[in-house]
Amino acid sequence: MKPEGKKRIWAEYQKEIPDDHFFYVRSCIRQTFFAGSEQAFLKILRDDLGKDVFEDPRHTTCTGIGYHGDVVPFETIQTVVARHFALATEAGYRHIAISCVTSFGIYTEILETWKHFPETLARTREDLYKATGRTFAVPETISHASDIIYKFRDEIARKAKYNLVDIKTGKPLKVVEHIGCHYSKMFPKYGIGGAEFPHVLIGMIESWGGDVIDYPERRHCCGFGFRQYLVQANRGYSLFASRKKFESMEPYQPDLIIANCPGCAMFMDRWQYTIKEMDGITYGDDGQGIPVLTYEEVAGLVLGYDPWDMGMQYHNVQSLPLLARMGIRADPARRFLAKDGTSLPEPANLING
Amino acid sequence: MKEKTKHVIVAGGGVAGMEAAGSLAEMGIRVTLVEKGEDPGGHLLQWHALFPGRRPAEEVRKYLRKRIAHENINVITRTTVEKVRHHGHEIIADLSGGTQERADALIVATGFDLFDAHRKEEYGYGIYDNVITSADLEEMFNRKRVVRTDGSVPSRIGFIHCVGSRDEKVNNNHCSKVCCVSAVKQAIEVRKLLPECEVFCFYMDMRMFGPYYEELYRESQEVHNVNYIRGKVSEASVNINNRLVIKVEDTLAGRPLKMELDLMVLMVGMEMSKPGARLAETSGLSTGINRFLESADHHYGSNRSGVAGIFYAGTCTAPMNITDTISHSRAAVEETVRYLGSK
Amino acid sequence: MNSEIFIWPFNLGLYFILIYSVVRSTIWFRSLSRADKLRLQRGFFGMPFMQSIREIFMESLLHRRIFKKNPVLGYMHMSLAFGWFLLIVFGTIEADFFGERHLNPPSHAIFFRWFNPEHGASGLAAIYGHWMDFLLVFILSGLLLAVVKRFIPGMMGMKKTTRHTWTDRIALTSLWLIFPSRLLAEGFTCGVHGSGGFLTGNLGAALTSFLPAADIAPYFWWLYSLSLGTFFFLLPVTRYFHIPVELILIFMRNSGITTADRWSAYSEVQTHACSSCGICISVCQMSRAAGINDMQSAYFIKGLRNERDIAAITANCLMCGRCDEVCPVGIELGPLRLIERRQGERPATRLKFIDRYGLTRRREQIEREPTQSYSYLVPEEEEQADVLFFAGCMTHLTPSVIVAMKKIMESAGVMYRFMDEEGGVCCGRPLMLAGRDREARELINHNSDIIWKSGAKTLVTSCPICYKVFRESYYLEAQVMHHSEFINLLIEEGSLRLGYLHRRVVYHDPCDLGRGSGIYDEPRAVISYVAELQPVPEARSMSLCCGGSLGNLTLSSEKRALIAADAAGTLTRSAPDALITACPQCKKTFAQATETRVSDIAELVAVALPKPVRRTRSRSSANTVRTVADG
Amino acid sequence: MSEQKANRFGFAVNRSRAINYDTSDRKVREYVTLREPSFRLCFACGGCTAACTAGQHAPFSLRKMNTYIRRGEIDTLREEVARCMLCGKCLLVCPRGVNTRNVVAMTAEGIRKLDRNEL
């Protein structure tokens, strides 16, 4: 491997990420399964970095899952996204920060469509106006939330309480990065580092002391694939895709997987449970799984956030061994306790649990 | 009064330029041969052996060197022709470095550039060890040592055809013609050098257009046991043993195929050379959709530029093998001499 | 006197070979199928027995077939076999007649001179002695030829001979030594006693004049006995075992036993009856045209006999049948090879006798539990026709033959159905040639179904490969006809009006049509009707294979081309206008091998059809055709 | 066991469609190449398949079969090879002189030997 070769490519694929004043749009999957991650993102930006992030409670799903599931037509989704832009315009924001990679892909697809087919933009304006009476300005930039963390990765590193390092051996943790397909495979120029060698997560991992694993199936889809997952009979495809990735990364004995897409994080976590239940196979040492973390969770851990506050106890593959390796002391007694002291439900059959 | 000796500038000192210069000089015409490199010879300088007979490239280099060792030829190296314009019947060429050269005619023989394999990011050239280009492999042949970066001997080599050719993703729809037969030739050479090494060619079509090319292809299968898999490699990665893992569709089986390789050779195609493209732009020479120089007529005027006194020779007009380049170059000389006589 | 020790090597050898032959014959007899046992029993008490005696006399002793092929070679074999036979017969008579006792043990006849050294000095005995000496000369002359043949095979008109194993060599040496040692033993003994015929007496006298004959003689008697004993002991493990086995073979064959389609005691008898004479090598086209000299029937049989791994040899044969035609012992070489192909591949290690029967059992088991290979074939709809035309796979690659056949049948007003017009199912013979009869049976059943349902009375095929299998392996009501037979029938019936083409043509007998099915005359009749048929060398039963044969699985296209070129060269030596064949496979193969125009018989006939009369033409053109046709 | 669990989940893990050249069994290819060297010469023109008698009735392609032999797809081959009728038409069509019938015969033989652990 020649690092200078990758640097060459990364230099070619850089995008403009604004410094401040973001209009934040949430992710359906992330706010359902990783609600703590979005919370952590907002906290990091607002509290640790002192940025202005605006959320409008009236913003909705982008309908991307419906769109890729063939139930929402393109005209509809354009109008829904235009409404988001209208909300941003009304609030005076020109930079969109997107939590979800599916949404991010939808936004890039729509913006590119408008660029090449201005008549669709005109039509969308008309549709939106007829439906809601709103108008909008096309945003100046769109960033995925991971782009923003990437931009401030060194700042976060400077404030780090923990690093992606095994405190016992002093060796960097071996980290698998997984980029959502819709982040840059459709339009490489919208992704940091392009499509073949995206830099967005690698940049974070390296800044925070970890070692990135480049394994053969690195580019492969997690298996979500919308239709593959949504139709139960097709889930075997979805599961197979994840398994292919696990088998490919297994020889490297990774300490954790970081994903920038909510769907990927969910599937790579949940499918480890399913594979263990179906075939009794796990991909870590001694029957352990490989923890799958969102980049917000990793950034939060680096900054010293409490993993239980970020909801990491609700992953199928638990991170206790990983936390121990990083030297993070998470109070086991608080793991399933709410802030008010009441007990939270405790999931069964957790891996590494 | 004795007629003034005619003077022709040849832009580019590769195969086409050298042949043109030699032919012109033989006819008593004064030639200025402008070459961008240290020495004339062009891409042929790197080549070890030539298809289809696998003769040493040095034999052809020797021929060309002899061709330009003529009192009528003045070779200017480390120089390019930047712009050409007419001044009456005279042609004025601006050379890099600021000098000017005046002549009665000019032959453009700026040749081709090899496709920059970095642009096919998915193959990992310059990123993964043991991904090399066909030109790199030729250098290895020159040293008679085909090895991996760690010095070990490869046990399986894959040749990836059409890298930078027939691929709209890199803006090249044209076929570079010679890469197929080059791959066959190199595959045979690998098998001869490393008899234990398995060799695979990943191709979309095998375009064996020249005499004895198809025979060479057959020989590679029959005698040298070279394997051919029809399919375009989509991506390459490395595994924990630092072996390359490639993905391709075996289109004949209709199934995806995964294979580990010790060494991956990218058969890089031909593109319009950068100095050639610059010259075309500054001097108003038209180029085609393949970005090569567009000749005045596709069938019977492939040496004519459409501008009086400017002629084309060789691969600045389209990908060609050496045989065709030399023929094309001689034809360019014929056109030039006819033009000089008519003035 | 009879207790001389030197006779024991001979005695032991003789008793060994007699007991061995009886035991072996019994084993073979026991392992025959019930039907074959019955045949043999019936044959023993009927005409076949007499036929066999005659054949043994004509072939095993006189070697008539070899004589026909090559008189010198025939003489060599005859002198050794017939001569030795006579020597034994007359020796026994001599011993019984002139000896002190009647009904002597064999050794007494063999070593008669030793026991009766004074005998034959005068009278009838002396004349008899001359006769015995004459027989010895007769044998020795054959032996001389054998030695010459061994070292200079070309002198006997043999291009190739088989290679000998080391046991063969020892046996050969002992065989060669028998008669010279007898000559010298008798010579010395006669010399001492002043007896003997014109040869032994004179030789003895000459030798005794300068040698201590009385001391030397016993050594030669020992050598004589040892040679005989060694030969008898080695007989079962050498090629010379064919001498006694051939007798059994002749009985079996004359009793009506055939090779059939699986390994049996009869197959085994045949493998042991092969004398490795090498005639099959000489006629093999793979040898003479393609330089392949290690797969001919002699080697195949030898491999079978010695239970070697002969998979490569078994597969590498054109199955043209030329060697079957010339085999002097009459071994069914083609069927034996097919049996071996049916056995499938066998392990590289040497097979035990018992394992071979194990393989047969396994095959039987597979037959009991058949697996379907062609279950994808859908039975076709019933369609009635009087005449069915089956072009066959190969004819579909020679569409000109199909076009010609259509024209001919339409011209003759034949109401026919083209059975495989849309591409049919293979006839099954190619599978059978590869030893896969079970699979072939599936195809045969499929095609039979169509033919039966059609109610056709005649099935015409333009492919000899299909023809052979239709005739031999299909159970049909319809009469199977090769298109050459059918065209001949149409001509004879008068339903086909043909012109005469002024062309000189030669005809090539396709293997499966000629040798394979015995159809030689019909194609010739058809061709002679429309053109001038010229003779060719190696015609009819010795016709050359085109080289394209499906019988060979492993032959490379280069070697096939060599065979085709050689055969085409022989056929077109007279520079004919066209080379006519009656097989699409031969046509395609020859077309690549010769500059001469190659046509199927149907194409030739189609050209001779009267041109269709066009309305625009004047009537006279139609008249011309008629005139030509009449002429 | 996997089947029962699959029922509980309502789906099972799909099998890979990809040919993994590094794990496939190429013994049959070696067997065929050694015994019928002309096998190498196939350049997948499909002439054999177009002419094929069996191919008119069943999804049988010698051209594909050659590819399967080369890639070591034994399970697919086992089914495919049985469909051939050995009629030999392909032999007359092949532009590269591949001894196609023997390729089929040797493949069938190779598979039988493989199944008996003799390869």
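By written order: A, B, C and D. Residues from 1 in each chain.
In the analysis below, a contact is a pair of C-beta atoms (placed from the backbone, for glycine too) under 8 Å apart; a residue touches a chain by one contact, two chains touch by 3 or more.
Only a predicted model underlies this, so the values are computations on that prediction, with no experimental measurement involved.
Engineer: Measuring from CA centroids, which chain ends up nearest the centre of the complete protein set?
Structural biologist: D
Engineer: Between chain A and chain C, what's the gap in Å when you average each chain's C-alpha atoms?
Structural biologist: Using C-alpha averages as centres, the distance is 82 Å.
Engineer: Roughly how far is chain A from chain B, going centre to centre by Cα mean, in whole Å?
Structural biologist: 46
Engineer: Compute the distance, rounded to whole Å, between the mean C-alpha positions of chain C and chain D.
Structural biologist: Each chain's C-alpha centroid was found; their separation is 38 Å.
Engineer: Which chain D residues touch at least two other chains?
Structural biologist: Where chain D is concerned, no single residue meets two or more other chains.
Engineer: Identify all positions of chain A at which a residue touches two or more other chains, and write them in rising order.
Structural biologist: Answer for chain A, listing residues that touch two or more other chains: there are none.
Engineer: Can you pull out the residues of chain B that are in contact with at least two other chains?
Structural biologist: In chain B, nothing touches at least two other chains.
Engineer: Which two-chain combinations touch?
Structural biologist: A-B, A-D, B-D, C-D
Engineer: Under the stated contact criterion, what part of chain A meets chain D in this complex?
Structural biologist: Within the complex, chain A contacts chain D at residues 232-237, 239-240, 243-244, 274-275, 277-279.
Engineer: Given the complex with chain B, which residues does chain A contribute to the contact?
Structural biologist: Residues 1-2, 4-6, 8-9, 194-197, 214-219, 248, 251-252 of chain A touch chain B in their complex.
Engineer: Applying the document's contact rule, which stretches of chain C touch chain D when the two form their complex?
Structural biologist: The contact residues of chain C facing chain D are 315, 344-345, 347, 371, 373-374, 376-378, 393-394, 396-397, 422-426, 428, 430-431, 433-434, 436, 439, 443, 548, 550, 553-558, 585, 588.
Engineer: Across the complex, what residues on chain D touch chain C?
Structural biologist: Residues of chain D touching chain C: 35-36, 38, 51, 53-54, 56-58, 82-83, 85-89, 91-93, 97, 99, 101-102, 105, 109, 112-113, 118.
Engineer: Help me check something: in the complex, which residues belonging to chain B touch chain D?
Structural biologist: 206, 217-218, 221-222, 225, 227-228, 230, 247, 250, 252-260
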